[in-house]
Structure formats: structure tokens, C-alpha cells
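Letters A, B, C and D name the chains as they come in the text, with residue numbers starting at 1 for each one.
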Amino acid sequence: MTDVSLTGTALSGFSWRGRIFGIARRSPTFAIGFAIVAAFALIAIFADIIAPFGPIETFSREVLIPPGAKFIFGADGNGMDVFSRVLHGARYAFGIAVPSAALMLVIGVPLGLIAGYKGGVLDEIVLRIMDVLRSFPSIVLALAVVAATGQSLVNVVLVIGFLDAPIFARLVRSEVLALRSSGFIESAVAAGNPTWRILFVHLMPNAIRGSTAMIAVRMAWAVRISATLAFIGVGIQAPTPEWGAMIRQGAEFIISGEWWVALFPGAALVGVVLGFNLLGDGLQDLLDPRRKATGK
Amino acid sequence: MSVRRFLLRRLVLVVPILLGITFLTFMLVRIGEQSPVAMLGGPMADQATFAIIEEELGLDRPFFVQFGIYLGKLVQGDLGDSWQSSERVADEIRNRLPASLELLIFSVLLGALIGVPVGLRSAQRPNGLFDQVSRFVSLFGFSVPTYWIALMSIFVFFFLLRWSPPPMGRLNIMSFPPPRLTGSYFIDSIVSGNWSTAWSALGHLTLPVILFSIIVAAPIIKHTRAIALEVLSSDYARAQGLRPKTVRRIALRNAIVPILTFIGTELTGLLAAVSLLELIFAWGGLGQWGLNAILLGDFAAVQGYVLVLAVFSVSIFVVIDLLVLVLEPRATLRS
Amino acid sequence: MAEPILQVRNLVKHFPGNRPGETIHAVNGVSFDLIPGQTLGLVGESGSGKSTIGRCVVRLLRPTSGKIQFGAHDITTIGEGQMRPLRKEIQIVFQDPYSALNPRMRAGNLIGELVKLHSDLGPQARRERVAALAARVHLNADLLTRFPNELSGGQLQRVCIARALATNPKVIVLDEPTSSLDLSVRAGILELLGELQRETGVAMLFISHDLETVQLVSHRILVLYLGFVIEDGPANAVFAKPSHPYSQALLSADLPPDPDVVLDRQILQGEVPGPVNLPPGCAFAPRCPLARDECTGARPPLVGVGENHHAACVRIADGTNDIRAAQIAAAGDIHKKFQDQFVRRTT
Amino acid sequence: MSLLEVNNLHTHFVSHDLNNRLRVAKGLNGVSFEVDKGEIVGIVGETGAGKSLTAMSIMGLLQLPARIVEGSVRFDANELVGLGVEELNKIRGTQLTMIVQSPLSSLDPLSRVGKQLVRAQQEHRSISADDAWRAGADMLATVGIPDAERRMRAWPHELSGGMAQRVLIALALINGPRMLIADEPTTGLDVTVQAQILDLLRTLVADRDMAAMIITHDLGVVAHYCTRMCVMFAGSIVESGPVRQVFNDARHPYTQALISSTPKRIAQKGYGQIGGPPPNLYDLPLGCHYRDRCSRAADICHSTPPVTGVGDKHEAMCHFADESGANPAAAHHG
């Protein structure tokens, strides 16, 4: 069924408009996810300009005001504008997601490459670490480590990055294992490539493809887990405008009916996480047309 | 390999993992900022008091000696005492685990009951309307933080609608826990014929179980769909001119093993995730207790909590392996 | 005859099996020489160990025992570091050109890689060398900027051959180089290989299960069964007078693409057993229509059946190694009559 | 009237590329042929020529984005194109069956061989489990599986490649079909096993008075096991006719090139014409699709060549079909 020749497909007539619609048609999921993430990224960049008030600007006489003309998302228990705080919270979301994703890749990818290609002791170690992490809920580990090492943005990023690195190591490792016996690696060895060239010139560009979608998914997880830490009270602390910390503030008002303090930061959190997840799901569709084909 | 030898081998392999986890947590809690000494001593205590407390807790000894002593007691089934409650950690775990399991098991059952059929139905007409909606719902379930959706539903169902009992514990204040049998208040009170307690337990269970089952169902939908799609598009299902009903049955049969394996691997994470829900509903389960222990640096309690999680996950894997052995003819007992 | 450039002696390669304690006996004591300007054909069905031999020769695999002598170098067990400079002398072309090329590199760079690794040429000189190589394998120069997925199977295999030629090797192993190609493309590749051998005098090890192709390109032939050489000899001699019962059956199972050829086939029962537990004695004995009690005793040695032509069968000694003759003798005229009838009905 | 009549079948792959432009790959471009009772028709051609696509189109097994855009498939005078799954299943699996490529992935891994044979029968008619089991065991014996009763209880993964292929044949024949389509039935099998399977297929077709269609890229299989052959190129049948006639008097230059590229012919006549890359199905040239690779190409080849009858049931789709090249390899010299 797939014996259709695709050779010589000309790529003439490229247009941005066509490309955008083309991608949106191929994977609406990706398009929606991308739009959401891009919107929040813009909010994060321009938070200062969009927000009517400062993120920790206090109006001491206007405590717990429901949403209205002045405070469109209401005011919280400290008399801060929830809207402005939610906007600034986007900075923390990306400030955690992007560097921790970079860290995961920087640690995980080379580890997976070497473990998969060389096997042996390093491979055993990576496998054992994966075993431990697998039988160990990451949230508990993150919690324990952050509780132990102290509450700072840098610590949270480090913990998330290190915890997720093995996921990429394993992903890349399994790709490498599949590729290792594939013809082009054998022919690269037979050609006389030194090991480093095999790893980084031949294996990496091919092995990393499967991880692309995973990056988005793990960024979603990073945003979620950092908010969870803050909610529990170990991550970033109030009055920092971090969404998890804001939900924590709002939690105490739920039973008394002041819903807006917790609702809006949570909704923003869901938005960003959903955006990254959609992006990841869509990327998988785009990168693996077979999945889509069998899906049809 | 016989099943018994397989189990034995598994056990041998599990020991280093458990040891590694124990050591890791042992180290982690001790490099932590919170010190039980400072907390127990209180703000007014002097150096001498600290020293006495330190000696009592055995914290003055070298790290590896402490670890050795801990392991020695562990082998005898002694998990130490929680300094916070002064209770034996083993007792605390025994008392609290059933509460968590009650929540977890009901949620996983409900989640699988929702997730598997929805996933199968999605795979029937991929990219159809049902599929699109269920994929989105599943992704939403992936993305929504448990605690936030819990807070929001408490606001709606307790504060606004008054359908749900106050989010405080597993029974209302008028009811007493039924005699312990399974540890589930709901089941135990039915067994003992105490209908009003059963009603109250059910009322308290409903909201958290429904919420959690959404979280559980999300990945199940996704995986069931992927697995079913693979089967439906495979050659054997198509070329023989089998009726769609038969193809569906084969698809389900072929999907069972991977789905079971998947649920199994998810369970440990869920046991931890349930702790946030316990926190919000003041459930008094293991998760809530474990969270607090971590926050307060309650060494023995943290160790105990982590160990329970690890043992739980390891035994789940063994159970899954055995199940697969029954259901999958290609499976052989291998380490 | 010229001095051999590569000598393989008693090559053995075992792999660990799927179950603990199991051993896969892929290659069990194979010896042969490669002579410059000549092609040696390795023939056998799956599990005969032919690809394993090829991979041992280019040292993608480390032999379990035996010896591989390349010129003055014993390359049997040297490390990858020592092997690397020798790699430019011994090259390999794989069966499936679609997977043998890094999908993320352009054709030109794929060929240029070898030049880069084994010479000090600057970028400009390298480009010229790549262009020359492309011309030599009859590959259009404008295809060099394309990625592998933009090329057809035949073009890809030409890229692979250009790579193998880039360093002027003395030995090329061809592991089923045409099996995954379409018939009309196959011929072009075979023609190119012959042309290159005549020009450069490279020694070739041609691995294939396609008897007709092997017959076409090889000077000598080695027939393998379960990792044993059961017959070797000049290509024409082996095809004209296969002496081992397995060679006879294998050759008779071939379907010539010509409806006018009357088939006279000796169809074997069963399939090639897995190479985990080797049968005692002659590996082919369990399927051999001529097997005798002694066949399951000692492994039969290769005995001469013609000039430079050997086969490993105990029946050669008394001349009863011909399957067809044996069958006819056993079944008598009735069988022959039936066979004639059958042939008439099917053609 | 023939058992199977395929008429002007067009199957296209319709999709959009990443730039949102409509792309149509013309997989089949007007395929017509017939298969009669007692015949074994061989379909040959290179990868991408549309051999498997033809089989899938006939069986109604196309998956999007592939679909039949024009043409008809008549089996025993019933039109199959456009039938729903329910009606199609009355024919598919009972009267018209198919052996797909790769035997192992074509068996349900979680059902024993016997159960699959029983299921295949009970899907299409009411038969007791015992009877179905007996019929299944008999069928296994018929396809040459020793110890059939024991094999009925085997799992698919316990079968060797040759055994699995026999089981597939048994599955395809269990409901007494009138026609069998075999897609590369021996690819991946060893030469000595290949002979066993092909002999079995031929005997079964003859004994049961069936028709068969064998898809293969191996001219040897066609030469010795088929009565008639169709040569496909770029989604069209460029030549068809009785095997012997086509081999000895090929009229289409592509057929001639194919036959002259077999090692035997090369050994006799030297290297002939060298094949080029397959045409781009997204952008097929107007007129004769083989034009760019053809040594005989002329101006007239820019118009679509007619299907010309050149003998008894022997047709070629070429402007020069009338010119006999009695010795195909003679047209080129190596």
C-alpha cells in the first residue's frame, strides 16, 4: 500500500500562508497547541506592558474584591490584582520549562547516545537509574529533593532537569539500539568513522527525532510539577506571582466562596500545560506520518 | 522456569533497587534544611538540649553507621518511630494505607471502565468527531492539575450546590468508622450492615473518586486508542473478511495485555498523585501523611512512605508479569 | 594465479542465543581466499551464515576463532583503533541501500565522507574527487545534492558503491547488493560492478541467495549450509556438476525466468533448522534424501570432485551422491513416467 | 464472462503536502484485466508499479488516502466497487480470498491456529465448532502440514516461516473460495521452501478448479507457475498475454528490458538496457509513462499509446507494439 514513489517531489512554490494551512490541515492539534503556547509566550514577554498593575502591587483597602471593572480577575487576599499576577506568572512557567527542557536534553541525549551505542557499564547504570525512577513517582522525588535543597527557581529547574534527563536518555538509547544494527551505522563503521563521529554526526541527528515531541510533553510536565511544588509549599513562595503559589493562596478562600483567587491562575496553568501537550501530540502526528496513516 | 523460581529471581533483583531507593532517601532527608532537632527543641532550646535530642535520635553518629542501624531494624520489620507523632511508622502506615487504597482502587476501576471503551470507540473511526473530542478530553485530563480541579469542584458541588459533603475526611462527624475488615469504610460498613455509615462513606468518596478517575482515564484512553488502532489496521484483521464485530473482539483481546501493563506502570505514580487529593479532602490517608512528613523532615516517616511506594510498585510489576504470562502465549518467564 | 589478498582460515562465529546458555552457531569453520581481480560467490539460504562471514571479513563482527589475514596484517582480533586505517582497504556494500545511507546526509557528503576520513584532501579537491567518483558509478552530478529519500533504489546503490570505491580498496564485500533492487535496475548494478573490477582489479566477495546472479558474476563459488562449507569450486564447475546433494537440490529449486526450460526439481522436505543445536555429523543429513547411518557420525570432510572443486559428502567416495539418479533408481520406471506426466501437465 | 473482470481501474492517493497543496499520486491508471477459472495469472512489475495496490483495490482493503476514483471490479458478475463492508464480506473471505505479504504478521498472535481456522468458517456460515475443527484439521493436512491435529493447537509464533505460509493458505482456502490472490507468496522464504509452497499452490488451484492471481517480482515464478501474465509499469498494465508468448515475443520495450535483465539472459546476450529510476507518481509524464526510460521513444510517444492486440489474448500498450522483436534481447546490445 505504501509503494508509492515519492522521489523527486519538488518543493517549489513555498509560501508561509500555504505552509501554515498545510500544517494546520495535517495536524490541527499541533496548530492549536502552537497558537496557545505562542500566545502565552507573548504574554510572558510583554507582561509588563499588558498588565494594568505590578505583580506585587498592593491595594490594602481592596482585599478579596470579586472580578470587576478595576480588577478584571478580582483582587486576592493581599489586595493584589489577580489579572496582573496571572500575566506575570507566565514568565515563571516559561522560565522553568525552557531551561529545564534544555537541561534534560544536554544531560539525557549524550548519555543515551553513549549508553545505547557502547552498552556496557554506562548502559547498565542508565538502566538501573531508569528502574529506580520507574518504581518511584517523580513527584515524590521532586518534592523530597526540593524540600531538601531549598526553595529557589534555580533549584526547581535543576531538579526537574535532572529528574527528566533519564527519560531522554532512555528514549535516545532505544532509538540508538534500533539504529545501531541498521545499515547506515554499520556502513559508517565500515567506512572508518571514529566513535565520536558515529555518535554525533550519524546517530544523533537520527536518534533525536523521536524526542522532539517528548520535549513539548516534558515541558508541560515541568510547568505542572513546578506549580504543584509551589502549591504544596515547597517550590516558589508567595507573594511571587507563580501560578501554583497563587492557587495555594486561593485554596483557603474556596470554602468561603472567593473562587476567583484560585480559578484564574489555575486556568492559565491548564492553558499552558494543555498547549504544550497539544503541541507534543501534534508533533508526533507531523513527525510520524505512519501513525497518522494508520490512524486514518 | 517455574513460577516459583521466577518469583524468587524477581525478589533477588528487587533487593538492590529497594536498597538504592532506601539509601537515596536516607541521604536526601539528611542533607535537608529542616532539622528535626531544631523543630523538636523549639526556638528557646540551647546547644545542650540540641545535643541531647541529637543523641536520642542517633543523629550524632556517622552517616553510614546510622544507615546500618536503620537497615538492621528494617530487616526485623521495624521502620522506626515518627518523631512528629511518636507513633511507630509501621503502625501509621498500616492505619493509613487502606484509606489511600480505597480512593485509588475505586478511581482506577472507574477510570479503566471509562478509559478502555472510550479508547476503543475512538479507534473505530479515527479522526471522527468522537475521536477528536475524546482525544481532547484525554489531553485535558493530562493537563489539569489535580488539586486545582479539586478546589474548583469543591466550590461548585459543596459551596454552590451543596451536593457534596464538606471536604473533611472520609465520614461525617456523626458516623463512626465500621469494624475494620478490608480497610475501606464503604465496603466495611456494608458488610457490617451499617447503612447510614455506608451512605456517608459513599458521599465522601464520590467527588474525589470521580475527579481522580478523570486523571486516571486520560492516559488509558490514549493508550487503548493507539493499541486498538494498531490491531485494527493489521493484516490479519482485514484480509479474512471478518465481520467488524469480530475484528473489534480480536482488537480488544489483543489490547488487553498492553493496557494492563500500562495501568500497572501508572499505579505507583497514581498512589503518589492521590496524595494531593487527600490533602485537599483531608482524607487522612498515606499520601497526605507522607507529604507532611516530607515537608516537616520527619526522617523515619519519609523513609517508610518511600519504601511503601517502592514495594507497592515492585509488587505491581510482578503481578503484571504473572498476568501477562497467563494472557499472552508468546510470553515466557524471563528475568 | 595471483597471490590471495585476503585469506580466511577456519573462521568460526558464535552468538549468544535468546535463552541463557544457548549458542547460535552461525559460522563453523569456513576457509577461503580472495584473489585480486576475482569474485568469490557465497551462496546459501537464510541461516547459512553468509552475511556473518561478510561482516567478519570487514570486521563489523569479531570472529570467535579462526584467522583472517589481509595482506601482511592479521585482522582477526585487532581493536577498532588498529582496524580503522585498514578500513579504506576493505569496503562493504550492503543489501538494502535505503537503510545503508544516513538519511540526514546528502549524497555528495555521503561519498565525500570516506574521502575526508582517509585522505588529507582539502574541500575543493574533495569535491572534485566526489564528482569523479559519481561519474565513475554513472551517477548524475546533480543528484549529489539530494538526500537519500529523494533518490531511487538504483541511484542509492550507486552512491553506496561510490562510497566503497572512494578509497581505492583492495577488497569489497558485496552483501546481497542487488536483492532489494528491481530487476531492471539489478542488471545495471551488476554491469557496473564487473566494469569496476576489470578496471581496478579489486577482489570481491559476493554474497547472495540468488543463484543465477552469483553464477553470472562469480569466478569461484562457496555453497554454505548452516555455517559449513559443503561445496566449493569454480562457478561453472559447481553449476554444471553440483556434487553435494544440498547443492543439487538448491540448484534444482531455482526457477529460471524462461517458460521453455523444463524443470527437473528435487524438492527437499522441511526447512533449514535453526543454528542453535547443530545436527551431529553432516549438517544436511536430517533433510538429505540420500542420508545414511554414517552421515550422522563424523562431519564429512571436503573431498576433491574435480579441478579445484570440492564437496563434503560421504557418498562421493562410491559415486552415489546424485539425488536424481538415486531417486530414479529407487522408484524405477513408474516414477519416471509420473514425472514426465507431471512435467507435461505443468508446462 | 470471466470470473474476475477488472475494468479501467483508477486508484489515487489524495493528500495535502505541508504547504497545503493538493497532491495526487496516481497509483493505478486504468488497469484492466480478466482472470478465468483454471487460470493462474501473474502480475509482475517493479516496486511502486501498483501490483499490491491492484490486489488491495480488488479486495476493498484500501485505506485512506488511497481510494478508487474510477473503474469497476466485477467478481462473478457482481460489482465490488462501492459495496459496503457487510456485502463485501459475503464475497471477501469466502469466494475471493487473499494471502497478504509477510505470513507471520497476518496471523492473529493470540489465537491458536485451530481457533483461527474455526473462526474463519463460522464467520461466513453456520457450522458447529466440532465440524469446523475437523474441516480445519483436514485443510492443514491438505496444505501439507504433518501432524495436523497437533498443529491445530499451535500458537502462530511457534510456526516457522514456511509453516506460517501454509497456515495462511489453509485459512484462505478453508471456505472453498473460487479465486485466490497471493501477494508475494514466497518472498522471504528460502529457495527450497519456496518450491514447496508454489507447487502446493498450483496443485490446489488445479484440484479445486479455482482461479488464482500471483503478485510477484520474480520472473521465474511467473514463467513456471502462471498461465498468463500482466506486466505493470507506473500503474498501468503495459503488456499482458499467455506466459510463453510474452516471454518469447515481448512487444513492450519495458517487458523486453525486464526479460533481458535476468542473469540468464545477460549471461547469454550480455548486458542490455539499463533501468532508470521509477517515474514520479505525483507527476506522471503525459503520453507513455515509460517514455523517459525507453530506447525506442519517439515523438508519437507523447500521446497515450493504445492497447494493441498482437496475438491470441496478447496485448501491449505501445505505439510500436506491432513490431515484433521476436528476440527481446536482440533489440539492445550490451
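To be clear about the criterion, a contact is a pair of C-beta atoms (placed from the backbone, for glycine too) under 8 Å apart; a residue touches a chain by one contact, two chains touch by 3 or more.
Quantities reported herein were computed from a predicted structural model and do not represent experimental measurements.
Chemist: Quick one: how many steps at least from chain A to chain D, stepping chain to touching chain?
Modeler: Each step joins two touching chains, and the minimum needed here is 1.
Chemist: Have a look at A-B versus B-D and report the one with more C-beta pairs in contact.
Modeler: A-B
Chemist: How many angstrom between the C-alpha centroids of chain C and chain B?
Modeler: 57
Chemist: Could you work out how far the Cα centre of chain A sits from that of chain B, in whole Å?
Modeler: Chain centres of chain A and chain B, defined by C-alpha means, are spaced 24 Å apart.
Chemist: Quick one: report the Å distance separating chain A from chain C, using the average Cα coordinate of each chain.
Modeler: 50
Chemist: Can you list every residue of chain C that touches 2 or more other chains, as numbers and ranges?
Modeler: In chain C, the residues touching two or more other chains are 151-152.
Chemist: Among the residues of chain D, which are close enough to touch at least two other chains?
Modeler: In chain D, 47, 63, 277-278 touch at least two other chains.
Chemist: Which chain A residues sit where two or more other chains touch them?
Modeler: Answer for chain A, listing residues that touch two or more other chains: 5-9, 294, 296.
Chemist: Among all the chains shown, which pairs meet the touch rule set out at the top?
Modeler: A-B, A-C, A-D, B-D, C-D
Chemist: Note which residues of chain C are touching chain A in the complex, please.
Modeler: 55, 58, 60, 80, 84-85, 87-88, 91-92, 94-96, 99-104, 113-114, 117-118, 149-152, 160, 163
Chemist: Residues of chain A touching chain D in their complex?
Modeler: 1, 3-11, 13-15, 18-23, 25-26, 293-294, 296
Chemist: For chain D, which residues are in contact with chain B within the complex?
Modeler: 59, 61, 63, 85, 88-89, 91-94, 97-102, 105-112, 119-120, 123-124, 155, 157, 171
Chemist: Quick check: in the complex, which residue numbers of chain A touch chain C?
Modeler: Listed in rising order, the residues are 5-9, 182-184, 186-195, 202, 205-206.
Chemist: For chain C, which residues count as touching chain D in their complex?
Modeler: Result: residues 45-46, 151-155, 182-188, 190-191, 209-213, 215-216, 249-250, 253-261, 263, 265, 267-268, 271-272, 345-347 of chain C touch chain D.
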